[in-house]
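The following blocks contain the structures, represented as structure tokens.
The following pair of complexes shares a single chain, chain A, combined with chain B in the former and chain C in the latter.
The block that comes next holds the complex of A and B.
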């Protein structure tokens, strides 16, 4: 399958297979969607489908959806879901919406892989680019990744963010910077953290401009496109204001992410830390955590200026570990982009360790959560320890991929060092 | 992250530093000709690395530091510390109780009366040794009827009535002192002394003697009062007696909760006519206490109650364990108000008279049926025939009268004098007490904020302090009146609220050393690569500059 050519027939077969699998899980295993929707690994306070339904109920009864402090998601999801036939009466419509989002993400991935940006960007061409993965493989690895399937069946609204981010990248690599800005604004509107992807995405757009209407000045390009993104965001906020009737959605959606007021356990590193934190230092450490999350943007963008897509991939990996309410849907987005760098995999040193650690955490995580919450024989430390392992596995993958990408770049400069042992100090 | 780290190559197990220019590991001792020098770093790479380091440090300096400053500075509202300490030291307010005494002398000529008042005032001033407590005499306009003019500003009215001999009687129902005098004792306008004036003065003094001692005791026991302000005439015995009485009385509260309980050792009596009895015997006193305290009342009946001591005759030692605290449902406090317990115990126990104490000297044992428990309430032992099913109001008369008189001493009222006088004295004592307590709380708060520079002072505390001081000032001006008590009451509650502010208490035990434990585990590991990166970069930059300077010098030399 390695050299699998992307043909319309094969693509259709892949997408059909993925949708049939999802539909089967939705319909043939009636208990599964609700079981997955209740898992903390999939449903965080800001992506949970149950909370979305609560908000929807309030919204349909003309009560502010943010009353009661359960719903923390973007207001525009509400009219979208209330346009669908009611989930209780006709769940298939909701299922189709989620499956459609996954298929759209897969299509975006096909386009990203097809562009060859990972191997050969405007400023840099990897000597190994011949070995890159086919788009079909990349899309299949995304569509049949258990994490992706679980997020889809668990109906986490993170699926839509994933779709928007992948579309932003796909638009960027196909030379449509305005489309990329619009898609990224949607992603930022839904989850806020994608806003940090703006600098590398701007560079990616700038590098992949169509020659006939290219803007030469980076400053001018950045200013216009930032203005576009700001305009789209402003429009989205204005529409939200009209839907919600007041600005109170801002503190209930983005405010919750900024202040971590909901301390429900999840696979991230924040909740336990802030459960234990002294009250007087809480706001300081919130700022530290957010700064830590955002400080990688500048450094990585400057260091990997010649490969903006690699910056985006690495940043998504970092966010999946360090963002306030991460779930496995964030990990699935990161893992969707990693196969684009198949050509540097031979340079990676810890692939086995990373795979083992991620598998270990995947299987033990639910078990430890069960021991803590249901069996009562463990405590919160059990679950937190396994989320640390989970974070360790992912950050190891991020580090390893960074190393591989940098080494790939370096070997262009120093061709005589290819294949030599190297040590990082 | 590794993105910041330069890649370096290794040959034969020896590290050759490639990028940062620190050629430390190349030793001349083992020169190997095969070792290759890495090609010199490109200027663009150097620039890029500086930019990466700069991007991290910009975030730290531009965002991190201001946020750290903003979120961890302790908010300390400005407190008027000196003023607060002045209040605590008694410098801000000199508690003075100007008591106006009205003199009614309907049968005297205006001239004679004025003269008498002047002489009496002289005599009073000569007798008085305590400046805080001041009696001012005033001649009130003669009124026709026998009732004293309802002059509320006057603490006491003296009615001078001609009679056969010099006598004085205190009216039981109104603050009136009736003094009769033989007509020949009226001083002549020219005389500088008069036996009547001396007599009136000494009567007045004895009437207010107790109040004066109590107030001077209060002032002297609040240690901060300047010494010249203390009363000199306070004997140690009197002080001891007063301290005993103060410990017995309840802490001041605007509302007291009275719990009347009937405990019986057997099945009977199972009901009592308590409401009628309260209305008849207790209500009048509660009504007159109303300006000072509010009261809420509840009652309960408990059958088969076993006291803590089963002796037939209770000795003094038994009394302390008589209350069966484990089984009797006497809750310590209902709502926010302190509870005063009054217990009627129906049984056949009596209290043994203490042999060493002569009758009446110890007010804890006014009768041998009841005893007072300091700051708690009273127990009355009611002997009854076995088969009394119901206690009528008449049977409750004696217990309730006892309770009422004990209630007065529990609230801290003075022991002597007529009831109206005792109550007005009580109001004055309470306002002095509250004033002193609020002042000393202010002082404690000021000392606390000076002693702990790391404690946060929320603005609510500053508000409370300024409110307290405003009311203290008002109370100080109107001491002795009804307003004074109200202001002192508000001042005291505000001061307590400011002192026991919750957010301050949490920070009390958070010394600076703990901050290391909070910051270091997370920020330490983050800071090491940041700082090391910056230091290496600066070193490399200085080295490059030096090399460039050397090169320039060589060129010049050529």
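The block that comes next holds the complex of A and C.
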């Protein structure tokens, strides 16, 4: 894999190529950004760019955007986008912001891949680590992934969450736990669900501390850094309070994710379930769905204690399927981290099935949505069926990756079992 | 013009009889419109002294309504039941300058006296529920999602003392889906002093009223305080209807429309291709001859004895040149403008009126239409034409486009455009744009839109309220557009006919009075038609299936993860047998032993047997 060696020149070329591609899509195909921004697979109620513009318009005209049912995104996005030149008059500034976010994510990925954490963590060294993918390949797979490009061109604000999460991981693997906590707080502030990544991220920070200022006690380490994260979040909320003028942004941003009051179709499993749910059981199933989403955190963190980065990857995969308003931008984040585990791919059992199912859903999803909404020749079940397939395909990938990572771990104890048939009891 | 005259007359009368604390009068104005239509405007007005009203001394004021108003602290009330569409292009300006009509369905707005907003909401709930019972309409469905508090569009019509004005809350509710019908007319007529037993109200019959091309029933209650006099409470009940003369004249015993025979068709003989077997329907049907008994199926049975004799009960707006036949004993009074005449009906006389068709000058074939038009009173041109429609396709998103045309060649028109939209239409205000036809710049918006009041919708809690003050230059057309997104609802929130769509209330356009000295706030009111918005629908038949499928998908993912996480890895040939396999082997061994024993019993040989083959 000498061809994938990371040199500054190659990195620059990769980043430049990715930004030119995006810029070309923004400028040369004038209808494309709006077309993508209107797709339900890209824009969910909590990430849609059109809703952001509406919130911005109301904010600039002194109407509280949270006193309405359209804007459900974080308050600090409003002053950020107000500082940019108006989108209607000068869209290039917005495009550059989104392209910049993608490039920053790619740089964070380069750093994560470069640290070798995926193959060799503090407590565990994979026997296959020599085969791991180079940072350039990982970053290129992220930057040229159609899902990433579509999210960027569709200007979903999920792009910023992706960037913050990748930065949190990058800071953690490079031994800067405080930076990691700050970045994760930003991600949690923007989309709430990254808060669930805190336990594995803390462990990752703990494992990757720089030896000279390492804290030995895990309890002490966790307490300090939890306090830092809480402090940053509190500061963000306080700034939001100043921006929004009241606390009503809390129910309108996080409350909507908790109660799913906006049932706009998306690629997840929640919307149709709660459209069809009987009213008396709605709250119960909301609780069950949230419990289900968060129950993986403990199990994976404990079972894969020796590979916290793997836990983060798997959790992001699970969130991309089971969170309330998933979009393909969440999938693109998961798929960005999967190539880090290239060395365990030979241990996976269903790669072909997973690839086929994901491709199938990718192509049939928009077609079935069209049949339901525009052609009228299909009903809601068509699109629902595709979201089921999409969810199943991704959860199969997550399961398979978990299996591969665990088997890789097991083969350290049983080196003679490499390549043999095994079973689980 | 005639109406103005009768108002003047009324004003004079009221000055003369200022001492009378209560009075009642009624009037029917008939105005033939182009295209064989006839506008019939019924107006009933009762007045009671406010002090008598507060002492529960109702005279002509309907007690049932009065008690509701007192109970809900309602200071001013406006209620509208409307069906159909006023065709402004052919019929011209609306009756009463649009002040006595509502959008399709039921519309209600009232000023309630309350200390706080919550108290006002409570009283509004009381009022809508009580009126719902009184008028047999679904007014109780005007909940928080259908109630708005307009800021610019409405002003009280009555005179309110300063002490109450500060505590008055305006609430506005609209039910565009409500179908107005006979059950609403009956309670409406019951409020009249003469009910439908005498006077012009005898003409009102559900079969005719709701068969009209357009009809509007209105109730307005307002206090009036003339200078230096005692305040009085006025209730005005109005019914306006546009009858299709052809259709109304159809005999009752043969109401099914059938194609008329060829020789009865009215053809435009001026067309070059006109022949015995080719007919171009005449643009103007010449059937402008009718009589009251033909149109309404009956005559006016004697005037209402309670009505003020100074106000003529029936007026007809046709030029003096037309001949009118009336019942014996009725006095015809022509108005000095030469365009209308009124009829005084003596007591105990039944009134019928018959208007023969205009005389046609034979031989001037090409000028039929012009000749006939001069036999009608030309209606005024409205101050503004408005058409609203949806743009876009699909059930995901759409747009609303309102076309506003100012026909006046030299006056600009300033108005307030108000929309109250259901919450499931999520409108994007940043896409709102007003442009003059022919221009494509963004600059035009700024000059046309002067002020916007916007209250965004909250999911399941309240609807969108949008009020826009605009100014349109003379002789120009403006397009006001905005985008919206359609939400998908919970399946229990859809009505039984979900695929029919959801009615969106008419936009209310209030044209401001440019004459600031005039006490009237609005120079003209109009409503657009209501819209039908189709939302994406789920499959209503399969809640169980969806719950099962989704739960299965989640169980598969969770079960798979759980299995991988908690179970140990071993080589394929290591570890204990799997439970199922071992159980199978055990069962096989037992069956073999049982079988062996049975065979031994049958043969009677008890022999030593080898144990059943060991499981592999």
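As a convention for this text, the second predicted complex is superposed on the first by the 420 of 425 C-alpha atoms of A that agree within 3 Å, B and C clash if a C-alpha of one lies under 4 Å from a C-alpha of the other, contacts with A are read in each partner's own complex, and residues count from 1 in each chain.
Assume a residue touches a chain if its C-beta (ideal position, glycine included) is under 8 Å from a C-beta of that chain, and two chains touch if they have at least 3 such contacts.
Predicted, not measured: the structure shown is a model, and the values here were computed from it.
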item: When chain B and chain C are modelled together on chain A, clash or fit; value: clash
item: Touched partner set for A:305, first chain B, second chain C, both or neither; value: first
item: Which superposed partner A:407 touches (first chain B, second chain C, both, neither); value: both
item: Contacts of A:420 with chain B and chain C, given as first, second, both or neither; value: both
item: Superposed model, chain A: greater residue contact from chain B or chain C; value: C
item: Which of chain B and chain C A:234 touches, first, second, both or neither; value: neither
item: Touching partner for A:294 - first (chain B), second (chain C), both, neither; value: first
item: Which superposed partner A:321 touches (first chain B, second chain C, both, neither); value: second
item: Partner chain(s) touched by A:284 [first = chain B, second = chain C, both, neither]; value: first
item: When the two complexes are fitted on chain A, the stretch of chain C hitting chain B, from 278-286, 350-358 or 602-610; value: 350-358
item: Overlap of the chain B and chain C footprints on chain A, listed as residue numbers; value: 278-279, 292, 295-296, 299-300, 303, 318, 398-399, 402-403, 406-407, 410, 414, 417, 420-425
item: Contact footprint of chain A on chain C as seen in their complex; value: 393-397, 423, 426, 428-430, 442, 454-460, 487-492, 536-539, 542-543, 546-547, 549-550, 553-554, 556-558, 560-572, 575-576, 578
item: Touching residues (chain side chain A, partner chain B) in the complex; value: 278-281, 283-285, 287-288, 291-292, 294-296, 298-305, 314, 318, 398-399, 402-403, 406-407, 410, 414, 417, 420-425
item: Touching residues (chain side chain B, partner chain A) in the complex; value: 1-5, 7-10, 15, 39, 48, 51-52, 55-56, 58-60, 63-64, 67-68, 71-72, 456, 506-507, 510, 518, 522-523, 526
item: Chain A residues touching chain C - in the complex, by the definition given at the top; value: 38, 40, 50, 53-54, 56-58, 63, 67-70, 88, 261-265, 269, 271-279, 292, 295-296, 299-300, 303, 318, 321-322, 372-374, 379-381, 384, 388, 391-392, 395-396, 398-399, 402-403, 406-407, 410, 414, 417, 420-425
